[in-house]
Amino acid sequence: MNTAFHSKSLHLKNRVLVASGTFGYGNEVARFTDLSKIGGIVTKSVSWKPRIGNAPMRIAETPSGMLNSIGLANVGIEEFTAEKLPYLRNVDSQIIVNIAASTIDEYIQILERLEDEEGIAAYEINVSCPNVKEGGLNFGTRCEMTGEITRELRKRTDRFLIIKLTPNVTHIADFAKTCQDEGADSVSLINTLVGMAVNIKTRRPVLSTITGGFSGPAIKPVALAKVYEAAKAVKIPIIGIGGIMSWKDAIEFLLVGASAIQVGTANFLDPDAAAKIAEGMAAYCEEEGIEDIQELVGALKVHETQSAPGFVPVKA
Amino acid sequence: MTVNQWYSVRSNRKVAEETYALRFSAPELAETIKPGQFLNVRVTKEHDPLLRRPYSISNIYGDECEIVYAVEGRGTNILSRMDETSEIGVIGPLGNPFGMEKDYGTAVIMAGGIGVAPFPILTTALKEMGKNTVTLVGARNGTRLFTDGLADPIVATDDGSAGYHGNVLDCFKAQVDLSSLDNPRIFACGPTPMLHAIQQYALETGIQCELSLETEMACGMGICQGCPIESKSAPRKYSLVCTDGPCFEADDIVFHQHTHA
Amino acid sequence: MNTAFHSKSLHLKNRVLVASGTFGYGNEVARFTDLSKIGGIVTKSVSWKPRIGNAPMRIAETPSGMLNSIGLANVGIEEFTAEKLPYLRNVDSQIIVNIAASTIDEYIQILERLEDEEGIAAYEINVSCPNVKEGGLNFGTRCEMTGEITRELRKRTDRFLIIKLTPNVTHIADFAKTCQDEGADSVSLINTLVGMAVNIKTRRPVLSTITGGFSGPAIKPVALAKVYEAAKAVKIPIIGIGGIMSWKDAIEFLLVGASAIQVGTANFLDPDAAAKIAEGMAAYCEEEGIEDIQELVGALKVHETQSAPGFVPVKA
Amino acid sequence: MTVNQWYSVRSNRKVAEETYALRFSAPELAETIKPGQFLNVRVTKEHDPLLRRPYSISNIYGDECEIVYAVEGRGTNILSRMDETSEIGVIGPLGNPFGMEKDYGTAVIMAGGIGVAPFPILTTALKEMGKNTVTLVGARNGTRLFTDGLADPIVATDDGSAGYHGNVLDCFKAQVDLSSLDNPRIFACGPTPMLHAIQQYALETGIQCELSLETEMACGMGICQGCPIESKSAPRKYSLVCTDGPCFEADDIVFHQHTHA
């Protein structure tokens, strides 16, 4: 029984990755889990310079979910390559470096710097960042800008290039399509939704940044709908993310069209979650007599009586 | 040894107003966990409330670990309804222990409200080390006081219903002769405004002082970056309370009025 | 202490309404609650012709939320005016009729028919409907179309006109602004998010329509962020909707800028929820010494250290 | 009287494999609820699982109401862990009772699996009315059988481990002499495929038949429109199981293969 993922230069032993920003650089949780059981580790977004991140409070709990405003706190590219990458290279899993930047030039600069480094299996590009040149407008909410980032980075690397899409757009399929057209090898989705929490005692927003990134099981229905929408629009493999807590959730994402999945918030509840999910998926395939887990990808059966309204909210 | 598993609740007794002590049997944890470290606890197997809640290890009874908690919100409400048929999910030990091995003479324990939680186990450890201790415990009122496992606690209450009428620090100043203490070191835990005041007192008097901090936490193990505290020793402004703390030297921490909420 | 809402022709005794499609026509739950304690009752969307609604399954439970694909099942305008409206008129609460249609002409037709009827305090226009002329594209995801509906309906009524916005757009503030510019008296938000659930046993979507409308406490963080964003963009009163379960949730919506709120999914768990929320809000005002609940509207304090990133997801 | 409130659990016993009977004291409900009606039950005060779960009233013991449930998913798992310290939120009575007053001679009760739940209270009511009853109960196997409160049940199991080897309908055909029954009326509850088969049998033989249906429900009281069933008497194709049912005349219902999931 085969659970591996192969696409171009990317080879994962299974379909489970850990999501950027939810697993540190691997070393923090090595005592809680067997890293070699995870298909791939996506690193915390790395920026050119170190970033201290946002002021507290950075975390708010919501019904079945959480908000974060970490603010891309990270060690910066130099310390990342000098101190984090060496540890990660020795882990028996694939390393996917997630890149964040506030100008297209900065994306390019980081990627080119990483091209010199060994042991990187893929890049994941976080486009949910404010574009300083456009007055803070989020790169990822504008198709042209997402396309431009993809095009510029594609020119500069032969490594596996994943664009991580934000769900905070009207038609995510358009973004997935644009990434495919501009040469991305894959798209991953969803990044966090925009959410907010209020403390009625202090009458202040809970988070220092007012709004924050919404993740966890609460958002799974949105993530499934977005992955389904994107999967119908593109041929490149999709990596599904959003609220995955169990192997069952992971199988749901495969069925709607994801070729692999990422585990995010679940790591906070159980640092062994990703390993358990990979095991659970394998056990499920064994039980169901599935020889290659690829059979499940996009295998959702849509009944004759079921229409396919795509992105149109089904209100009529 | 590090644990990440579900345990049956052995007992869960009310020990003071809105305050409970919960025990579970975990020999592997009881053996290794140190005063000042904490556990990150899941109170349900459902998705709401979602996050774990951090609790200091309060005491060890043979194989059993005890946490002491105040009923604050949803998580602690659920905890308070638990009995022997209930289970809690435990990750730990997490964080760094109190600096018991530092160079000092007398340990001055200052606990405010549920900040008393980590001190029974610390008291035992200090006794084993042969240290002198002075212990001050503050609470809103007498019915909320919990002093089990502490050595000769001096009590203060906000409303004067038991012991000194006022807060722990004022009580210390009023009732303890500082000059009689041999090279003291403060170990403090409680609400942030209290810790802030104790920090200022320690800086003014030059007394060694260690604060056990509380912040919101999503993971408790350094992977979410959700628990920053401004710290002078941090290379990039913020330390993480979960992995760099929760115990910090008082002079390392920068408090801001608006982080007291 | 005053909890009433007054804006132009709309006068509500308190700030709590029940959301369209979650309270039937009032009569179904009269035995469970005192309808006179609710500020206003928004009716199930009414269309020109009766609609049978979608095939089963129409409901899926998700973490702290639910999906529905009711498909605007309703009795149609004739039966509505003949059989539902008379009952509602006798209820000591304000009646807001929610209108759904698949062409602009149909919106107009329904509104004009309702103009002949007494006892209607306001219209709420559900624009989260597929536009048949545009091949099923959702009206509410296109600013021009939302604006056109508003303009056409505004011309034809002096009654209080509320446009109900869909959250499935990149910048909801643009939509709120457009509605204000075209003469709407208020906007209500949010309608349901697009969500999906999968049954891994059958390998089928749970809902007959594949995707459905996502509601309940899970979506509250998104709803708060959208209301906050819209409130900064417009001056007309906003009605906040999404995941409100308790009076505390309601106060949060007021603080971020809603003048009134609607209770939706909570009615399914407790048909007395709206009445309890109204009572709880009043008790809170008493305790806090708030003389007019209007003081809370938009009263969120944003700390000096807090930036206001608006619609930009705070990822940096 | 209609109730919408939280009740303490009085008892919660395992009565068969994966099957429990839970009681709570609610005089106002016990007095008014009728066989075939149901309660919509909240199993937690948190937000997950969110929706109420519908359960038939199974029996009344003085002031106490009993529901009988099979452990299926998250909601029933939570229920199965409840004890006297737990509370359930109850709305009811909901839906329409069985047509006990209709014109028939013998009541034929057909229960499949947890479909047995509504029949103890119906049996009592029928006895009070002086009706003859024939009762058939089917289960996957003998360990899952629960027949308390039924009158002389004829048993069938899928694996033959108890009673007739086969399903309830085949058992009825094999073991009951239809012609000996005086103007029979079937009261059936169980999995949809079973109800579908019974419906077809009733239509073929012309026997009166009433089916107690199950669907997903969000509200249970007619305000969400989430529980449609295709019905011939419905003005617009669908009836609502919660308010038009859950008991329907067999010839009114249209089953589709794909709704059996």
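General observations
The chains carry the letters A, B, C and D, assigned in the order they are written, with residues numbered from 1 in each.
Definition applied: a residue touches a chain if its C-beta (ideal position, glycine included) is under 8 Å from a C-beta of that chain, and two chains touch if they have at least 3 such contacts.
Just so it is clear, the model here is predicted, and its values are computed rather than measured.
The pair with more inter-chain C-beta contacts, choosing from C-D and B-C, is C-D. Averaging Cα coordinates per chain places chain A and chain B 36 Å apart. Mean C-alpha position of chain A lies 46 Å from that of chain D. Multi-chain contact residues, meaning those touching two or more other chains, occur in chain C at positions 51, 55, 62-65, 202, 204, 216-218, 303, 305. Counting partners per residue, chain D has 47-49 as the residues that reach two or more other chains. Taken chain by chain, the contacts link every pair, so each chain touches all the others.
Those residues of chain A that touch chain B in the shared complex are 21-24, 28-29, 31-32, 44, 50-53, 55-66, 68, 70, 73, 75, 199, 201-202, 204, 216-218, 245, 265, 267-272. On chain D, the positions that touch chain C within their shared complex are 2, 4, 42, 47-52, 91, 215-219, 221-229, 236-238, 243, 259, 261.
Contact residues of chain D toward chain A in the complex are 47-48, 258.
By the touch criterion stated above, chain C contacts chain A in their complex at residues 45, 51, 54-55, 62-65, 67, 69, 71-72, 100, 102, 126, 128-130, 136-138, 141, 166, 168-171, 191-198, 200, 202-205, 207-214, 216-222, 224-225, 228, 243, 248, 251-252, 255-256, 299-303, 305-309, 311-316. Every residue of chain C that touches chain B in the complex is listed here, in rising order: 63-64, 217, 303, 305.
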